[in-house]
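Written out below as structure tokens is the structure these notes cover.
Chain nomenclature is as follows: A, B, C, D, E and F, assigned in order of appearance, with residue numbering initiated at 1 for each chain independently.
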Amino acid sequence: MESNRLLVISAHAGDFVWRAAGAIALAASRGERVKVLCLSFGERGESAKAWREGRQLDEIKELRRAEATKAAAVLGAEIAFLDAGDYPLSRTDELTDRIVRVYREVRPSVVLTHPLADPYNQDHPTAARMALDARVLAQAVGYDAPGDPIGAPQVYFFEPHQPEQCDFKPNVLLDITPVFETKRAAMECLPAQQHMWDYYTDLAKRRGVQLQRNAGPNLGLVHDTKGEAYVRFYPQVTEVLA
Amino acid sequence: MESNRLLVISAHAGDFVWRAAGAIALAASRGERVKVLCLSFGERGESAKAWREGRQLDEIKELRRAEATKAAAVLGAEIAFLDAGDYPLSRTDELTDRIVRVYREVRPSVVLTHPLADPYNQDHPTAARMALDARVLAQAVGYDAPGDPIGAPQVYFFEPHQPEQCDFKPNVLLDITPVFETKRAAMECLPAQQHMWDYYTDLAKRRGVQLQRNAGPNLGLVHDTKGEAYVRFYPQVTEVLA
Amino acid sequence: MESNRLLVISAHAGDFVWRAAGAIALAASRGERVKVLCLSFGERGESAKAWREGRQLDEIKELRRAEATKAAAVLGAEIAFLDAGDYPLSRTDELTDRIVRVYREVRPSVVLTHPLADPYNQDHPTAARMALDARVLAQAVGYDAPGDPIGAPQVYFFEPHQPEQCDFKPNVLLDITPVFETKRAAMECLPAQQHMWDYYTDLAKRRGVQLQRNAGPNLGLVHDTKGEAYVRFYPQVTEVLA
Amino acid sequence: MESNRLLVISAHAGDFVWRAAGAIALAASRGERVKVLCLSFGERGESAKAWREGRQLDEIKELRRAEATKAAAVLGAEIAFLDAGDYPLSRTDELTDRIVRVYREVRPSVVLTHPLADPYNQDHPTAARMALDARVLAQAVGYDAPGDPIGAPQVYFFEPHQPEQCDFKPNVLLDITPVFETKRAAMECLPAQQHMWDYYTDLAKRRGVQLQRNAGPNLGLVHDTKGEAYVRFYPQVTEVLA
Amino acid sequence: MESNRLLVISAHAGDFVWRAAGAIALAASRGERVKVLCLSFGERGESAKAWREGRQLDEIKELRRAEATKAAAVLGAEIAFLDAGDYPLSRTDELTDRIVRVYREVRPSVVLTHPLADPYNQDHPTAARMALDARVLAQAVGYDAPGDPIGAPQVYFFEPHQPEQCDFKPNVLLDITPVFETKRAAMECLPAQQHMWDYYTDLAKRRGVQLQRNAGPNLGLVHDTKGEAYVRFYPQVTEVLA
Amino acid sequence: MESNRLLVISAHAGDFVWRAAGAIALAASRGERVKVLCLSFGERGESAKAWREGRQLDEIKELRRAEATKAAAVLGAEIAFLDAGDYPLSRTDELTDRIVRVYREVRPSVVLTHPLADPYNQDHPTAARMALDARVLAQAVGYDAPGDPIGAPQVYFFEPHQPEQCDFKPNVLLDITPVFETKRAAMECLPAQQHMWDYYTDLAKRRGVQLQRNAGPNLGLVHDTKGEAYVRFYPQVTEVLA
């Protein structure tokens, strides 16, 4: 059996840090390949501070690229940028095709992306829709892209900023306690959003409390558990109910 | 860490065989304790053939008890009957309390029961409702029943007869290939519903096909996979996304 | 093939008139047996005017009984009253059993009742729940009530007063144009709620407009169509898609 | 126009503090009457610490009564206890009737209660169901209880502990900044659950952030806003869209 | 605090009259700025009568423009037309950008548009999708359009023609009694759809009845109330639960 | 009244055989016109075997065309291919327009197409979306395409491969017993997917069992019933509840 490979597809450059850094660090700590694919830099929609400081578009892109690259390195992940533009990120066959090619190269066993609804940011569902479409295309032997067709990877949606408004009902709680300090360090690579550091530290604690409340009687959970919440999109395939 | 313990709560005597025999046999084959709790014998609602043959109520109960006991033995499970009556099975605090006591004794890490909607048989959601209520009560130190409060076991709903009409959208597909012959043998302990043997064999094949279609690229699935479908009710707690 | 038999189960004495008189009159006009079963008279919850006039409980019940009996006669239907009390109408095994006995006697091919949600009147879902439970019980040969087990009748929910708030999304629009004058005459048997006569006449027009908008190209609809809206609860069984 | 009157119906003695103390304190600070109705003391299900300390049932009830009474006083609210038992709290016509009588006495313009689903605590939906049923009964002139029928009060569900798992999608965010210190003081009246003090302070901050994000451009929000989230159950009636 | 500004975004030229004229007239009567933005004239899909009379495309557009302009004037609103074509109205980045520019100019505190589902007219959800997307884009300082980024306006969906089929469950009922005559006068500016005048007058009465039924006990509602129904899309932010 | 005309719109060349051959054969056997419209050949996404055999794109298209044409002939249906490409099939105004023209020519009373969700194949919802859009456009007198505007045909979604994952809750069960041998013969025209022959034979039996379970007491169903499941998208218009 091959080892796992994780592909993280996010609309903007910072999303993977706040929402999935724990899963990324865990996979990397197990020695698995992890690749983060940023469809845009979030240069227009998620760089308010830089615009207010009077910076130019290219400058902002480079800033975001540098920060995200640094955060990925902290987490032990590769990173790539498709520079497809944001606000709006537009769904096109051409961009979907570029994502297919990444699937064919990485051959992920697990994919992380945004949920399919977000009334506060349409770029997120747009990215998720293309991530899902590309996943199916990459499985087809008849699809004209380099590489062999891939097997069907599991897909998990990571947590949006206002989960209830995005119909985000977590069905997986991931214990990220062993790597939380790494996640914190990755967050600190994004200085423009410093108020988020504590916000997502608090969220990790809260999801940790829920994790303990939902853990079965056999799970030996340590104090001060940290968690990340996910929605698994396809049925889980398993050999044991536990 | 303690070994797992499986508690299966079903409205009628036969339900656990058609819907969950694979999970039961798998757990038993791993050496785990499994207990099946039948709230009724299904003596009125699921014994049409016996009634048409002119049998009496007590006779039918004994028949159903004997068959279910035999099937449980084949699967490697304990079985108990609360004889609470069916058609209708009624939700009462007294019956719920009897179920709490079973929780406190078995101390399950996993619970299997019916889904919460079934337009064809109200006994099923009624049983599920009590199974869920009793699970929460058994966790309370202040609840007045013998034994210590239990940890929070995972809950899975097993598959109803008409899944789409019961809003049953499986999120777990269990590979029961290694124990399918045992499931078939348990089904054959229920001779009054012989047409169901093939029906549920076909269902196992079909769920097996879906299992393969949803399996990630790393899962080494054998030919002629058999499956059972479940809905996990509470979030999964995990240390790895896979 | 036997002719159809229609059973209408309503929480209170007047419901069947406002919500289903068209379906009742149509069935009666085809020579089918129709029986209306009122679980209560609506003596507490739907008789505000009589209470304000200072009438006593028994008097109000008789008033409601007389009016409903007259309306049923206009429509060509039998009527029976179980006098189970309203506000609240309580779900009990005993009352459900009385409804089972009516099923076994009438042997309906079609059942009309309330929808399963109504935030403005809990008696309505309570009646519907018992109507559905009794339907399943009456089908069981092992259920201890006079008469043979029945076949599975279709179930339609009739329209509540605030449809959107009751999650009432009609999937059947019934053309009641040929019997609308009969429906109006039945409504006029209920003088205490005179403002409802026009209200439900307007509703019939509106549902008629929707009926025309949803009718296929082949349906020859007349001008000034009147309609009633229903939700079919179980799948339709048919030999033709049309 | 009369002034508002607020009725808060909770399953257990502490719920109103964690979930609705802000709304209560705001109403009291406007000089409105506020009454908290606790159906039980939470003596079995929400007093784990006291049980572990070996206290007796009556002692625990008195402890919970004293703490809740003190918290209500801090908030400026009346409080009453129905002592109906918890774990399980059972839905009965008799208990619903007692709640009706409170509605008829308080004549609330606004009601706060639990949401209708909570997989972690069935007492909460049970209390909510009776709160809603009693509200409708209390409006009926024919319902046999002292006092005149009431007008239709608005109903808001307050926030459960795991909102996403309870299908709790807030549609109202209440600014409780002016009274947050009072809420904190009320929480501190419940020493057995000290870890909750910070938990619900953090929640108030988080809902405050969302409040600012959802506020229109005209709302002058102060720094460090605190919020409580609610679900309005019936449509809002208004003279202005704003 | 600035006064409110209302932006109404509709797919076709007539929609704002039937569905939102009450809200528009109320806002105008309070002296607020109101701007109606028609993405198309409804020249193909909603001008059946004109086509049957043999008119040409440009002629029909002018007719619709004139009528809508007159209706807007009656209501006290500005109006603009983007002439983007209908049947189908297509979602494009270019059209979305034109809508962003209107947001940046009007700086609305409240936006009215179509709901996100309509099986009878895909132009409606398409318009709504762009109205929502543009709202988010207009808030971003990095979005390249004239004017400053706007604050987050509230969004309300107005009522579609077949509400239940569009999953339209109103959560706001607006009292339009004071301006109903103005709404009627605006409707009468659209002579091609004369049958709609009475249809929407009846709807206003019906929503008025529901408004009274949902109003709290303190609201002093006059006889013959007229209403419009809305769905608020984002959570309400408030300082009082009432 | 005109006779019925059936239009079947499928994303790929083979879909209509597995999912709707029974409905097609029934309509043809009644002498009705049936036209199958394949938007693509399924040349990339559903021809894995041919690609693995090393065939070229054009060759695969011709193979699929030939097989589908043969199957349509067996069923008694016309067939046309739009060759719009698959994997991905893209939603465009131009392709929608070509479908409108087919509507205007066939003038269907009934339309069959895919459901609106399919996480395993985005081409299916894309085809359905265009089928629905074109249906509305074809009804407009102002839409610029040859032929008169059509009446509103009923729409049914046929069954996807993993129904529960596609939120496919059947509300119509069609008895295809009389034509099942014809369906089998049509399936056997598609030799590349031989394992599907038995799969869809089993499905037909299973839907047949459900059909019998949901049939009313009057329906005289024969042994070994075969069925197909459908979801009706618009309300049924009827003159009788049965």
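Heads up, the rule we're going with is that a contact is a pair of C-beta atoms (placed from the backbone, for glycine too) under 8 Å apart; a residue touches a chain by one contact, two chains touch by 3 or more.
Here the structure is a predicted model, which means the values were calculated and not measured.
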Any chain in contact with chain A as well as chain D: B, E
Graph separation of chain A and chain F (steps between touching chains): 1
Topological distance between chain B and chain E, in contact steps: 2
Inter-copy rotation, chain A to chain E, in degrees (Cα atoms; steps of 5): 120
Chain at maximum distance from chain F, centres defined as averaged CA atoms: D
Whole-Å separation of chain centres (CA-atom averages), chain A against chain B: 36
Set of chain C residues in contact with two or more other chains: 120, 165, 170, 210, 213, 234-235
Pairs of chains in contact (touch as defined earlier), listed by label: A-B, A-D, A-E, A-F, B-C, B-D, B-F, C-D, C-E, C-F, D-E, E-F
Parts of chain D lying in touch with chain E, wherever the complex brings them together: 1-2, 4, 6, 23, 26-27, 30, 107, 109-110, 112, 150-154, 156, 170-175, 210-211, 213-220, 229-230, 232, 234-242
Residues of chain D that touch chain A when the two form their complex: 120, 162-165, 167-170, 199, 202, 206, 209-210, 213
Contacting residues of chain A [partner chain E, same complex]: 43-45, 47-48, 51-52, 60, 87-88, 90, 119-122, 165
Contact footprint of chain C on chain D as seen in their complex: 93, 96, 132-133, 136-137, 140-144, 233-235
